[in-house]
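A quick write-up on the structure given underneath.
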């Protein structure tokens, strides 16, 4: 399962403040798309609007459309909870539930919604999800230990396994490696490469090498100054963004001249 | 766009739900839950309003009654001595508990060996955990008899002061004893609040002072006290609020009577003690009178507590601790 | 030049020797004993005089050797240590009194019997050694447990849900600010006023001004307990990291399920220990019970009808109105034994609270 995302004329506001202005973008299924840009350019905010997670912050709202295979996420009567069950998210810092074991963490999406699941189905789901997150071999012997006992990189892959277990169409990742050491980062990057076989992956990163390594397409966001809205400057295949950008500011950014 | 936009819409009814959409429960459940928690919050406001309204309703007969039916001829004459007695007892308590409370807090935060300070904190918390009736019983049967020689001494040598005018009570059941017991009871409040604030003094400031060659006491005066001033004041105010309304320490310890200047003879009375002593047998107008007295006590403690909270919030804005 | 054993560092010159405070203390104790003996020796005057001499002489001597600033430092240090010692006196005295006077009155009969049928005649007999001390606290224990349980059942749901509203829904709303403010105000309600409120509430509702029963007392205790529960639960919910809520939302979990299944389980140890401490606080309340539950000497199991006794009111009445006015010591014995039981209950609750906080805290470490 993998779906495409089309963003049309999207504006994001915090109260009256326009945070991200007029984004248009088409994200292909079974691909990795990276969002890069300086701090405060609105890339994380924009990512959150792709599964309505921004609504957790009071006062945040959007105008425009985000279409998931043609269905508008912001259409009338659309339940954000349903949206999030189809578009998963992985966060900057690994956040396994501290009260749950590794196994329970993977099953969290099912169990928290009180869905009935047989023991064998659950075992299968846990194994498949953990295999999907390249974590199975490391934790199969201690599934009943607390998830918070794992290393940072393992925790992050546990969080990815937890997202996969809900069987989403899209996985959003908000700087998933920024709290990890280089070796754990490599493991997660390898995983991202495998995930795109089945999912649409969108990743926000501060690390341009990472964007270059993992993504098929890259979107560069920039901000004109404090108090100004963030904008999508350029959206193109990753090779093009890093080797032959069409915008001057993109070139400045990827070549390290600012930001 | 062959798939209809309905695919993302919620449906409470499982039968009409698209098959590949997971069941995420009924959206109404969220509304119900937030409604219940909101209701609980509002209930608290209602209860507080009810406290005020019911007390006023039950107290009203006092203000329409014939003056000769009232205990002291008029309600004002009834509550004035109580107000003064309450203030005397609370003042004594504060005068004793404030310096000692701050000292103990300093001891825990800046003097005691680090390994011990936590345990000492528990010991002081233990003092807070002892029920007031036990303090009252202790004050009446242990402290009061023991303190009589001291009162005799005060009456002999300081008797020229109205507050120590003799002859001293030979049971020791005086407003001064009650004030001492009250002071012991509010000590943990002052200590625990001050300790919290003292500990939060920015380490950098403390180290800067020590780095300039200050002694420990100079460091405390230069950094800890200025930082904690607002917190100390609000701790004292909150302790005052507690002392004003504390009942048992006074009821059991004080041999109450009419208002007297001397602190070492029997006499004087506080609101809480007056109510506790008389309410169980009261009915009719006498009951209303006691409830009205309770209302006055409520208003006084309310004012003290609001002032304390205002100081806390002001202090928060200017402390720069964040 | 190698340092000889006799070498004195310039950094330590002008310093008073380490043993000086101890020496001053010893001299103070001797002088204190002498001064106290002059007016008839007693522990209290001995301690008072010794302390005074030490706290005046110590800093003066240190100041004379090391300078004024060091003298002031010493004065502050001695005073801070002194306040701590002074604060220990009542604590030790109270605990000692309760143990020394309470233990003799304890027995199985004391725990398992009420005061029904115990009269001044029995107490007089006991005082003159012709009979045993009769009567016990069974009825008071029942009353205490029932009233406290009822109060907990009322306070915890209201307090917890209010905290949930404040933390999860009320962010920045004026209503939340109003509730926070008034919860603070409620914290300061004198316990006797809470009792008067419950009494007058039930008086107006039932039309009977003398309507006293366990339930009324439970309502009074709830007024005292709710703000404690709210403040504690609020604090505990706030320290649950937002990341956990977001993780749950991102899995397509509704807010109410996120709260009940992720947020509360994460905070439950703190909440539970806070509730236990709140129980420990109200279980010793006396004044609100006096005006709401009345007082009885016999067993009443029904908290919804009839007067009830609790341990604190039992202690209070045994002291204020001894069963036999001519043999008050017998009633006092019972009062102290009851006080011992009450303190034990409170201490056990405090220990339980600490244990809950420690054992059930979510494991975050590796």
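As written, the chains take the letters A, B and C, and residue 1 is the first residue of each chain.
In this text, a contact is a pair of C-beta atoms (placed from the backbone, for glycine too) under 8 Å apart; a residue touches a chain by one contact, two chains touch by 3 or more.
Just so it is clear, the structure is predicted and the values come from calculations on it, not from any experiment.
Distance from subunit B peaks, on a Cα-centroid basis, for A. Between the chains B-C lie more C-beta contact pairs than between any other two chains.
Centre-to-centre spacing of subunit B and subunit C amounts to 13 Å, using the average Cα coordinate of each chain. If you average the CA atoms of subunit A and of subunit C, the two centres end up 51 Å from each other. Residue positions of subunit A with contacts to 2 or more other chains are 81-83, 85-86, 113-114, 166. Looking at subunit C, residues 252-254, 257 sit in touch with two or more other chains. Residue positions of subunit B touching 2 or more other chains, listed in rising order: 22, 24-25, 27.
Those residues of subunit B that touch subunit A in the shared complex are 1-5, 7-10, 21-25, 27.
Residue ranges on subunit B touching subunit C, taken from their complex, read 22, 24-25, 27, 29-30, 32-34, 36-45, 47-48, 50-51, 54-55, 57-58, 99-100, 102-104, 106-107, 110-112, 120, 123-127, 129-138, 140-143, 146, 184, 187, 191, 215-218, 220, 238, 241-242, 244-248, 251-252, 271-272, 275-276, 279-280, 283-284, 287, 290-291, 294-295, 297-298, 301-302, 304-306, 308-309.
Within the complex formed with subunit A, the residues of subunit C that make contact are 171-172, 241, 243-254, 257-258, 261-262, 265-266, 362-366.
Of all residues in subunit C, only 44, 69-70, 72-73, 75-77, 79-84, 86-88, 90-91, 93-94, 97-98, 157-162, 164-166, 168-170, 175-176, 178-179, 181-194, 196-197, 199-201, 203-204, 209-210, 223, 226, 230, 252-257, 259-260, 280-281, 283-287, 290-291, 294-295, 312, 315-316, 319-320, 332, 335-336, 339, 342-343, 346-347, 350 touch subunit B in the complex they form. Only residues 51, 53, 56, 58, 81-86, 88-91, 93, 95-99, 108-109, 111-114, 146, 148-151, 159, 162-163, 166 of subunit A touch subunit C when the two sit together in their complex.
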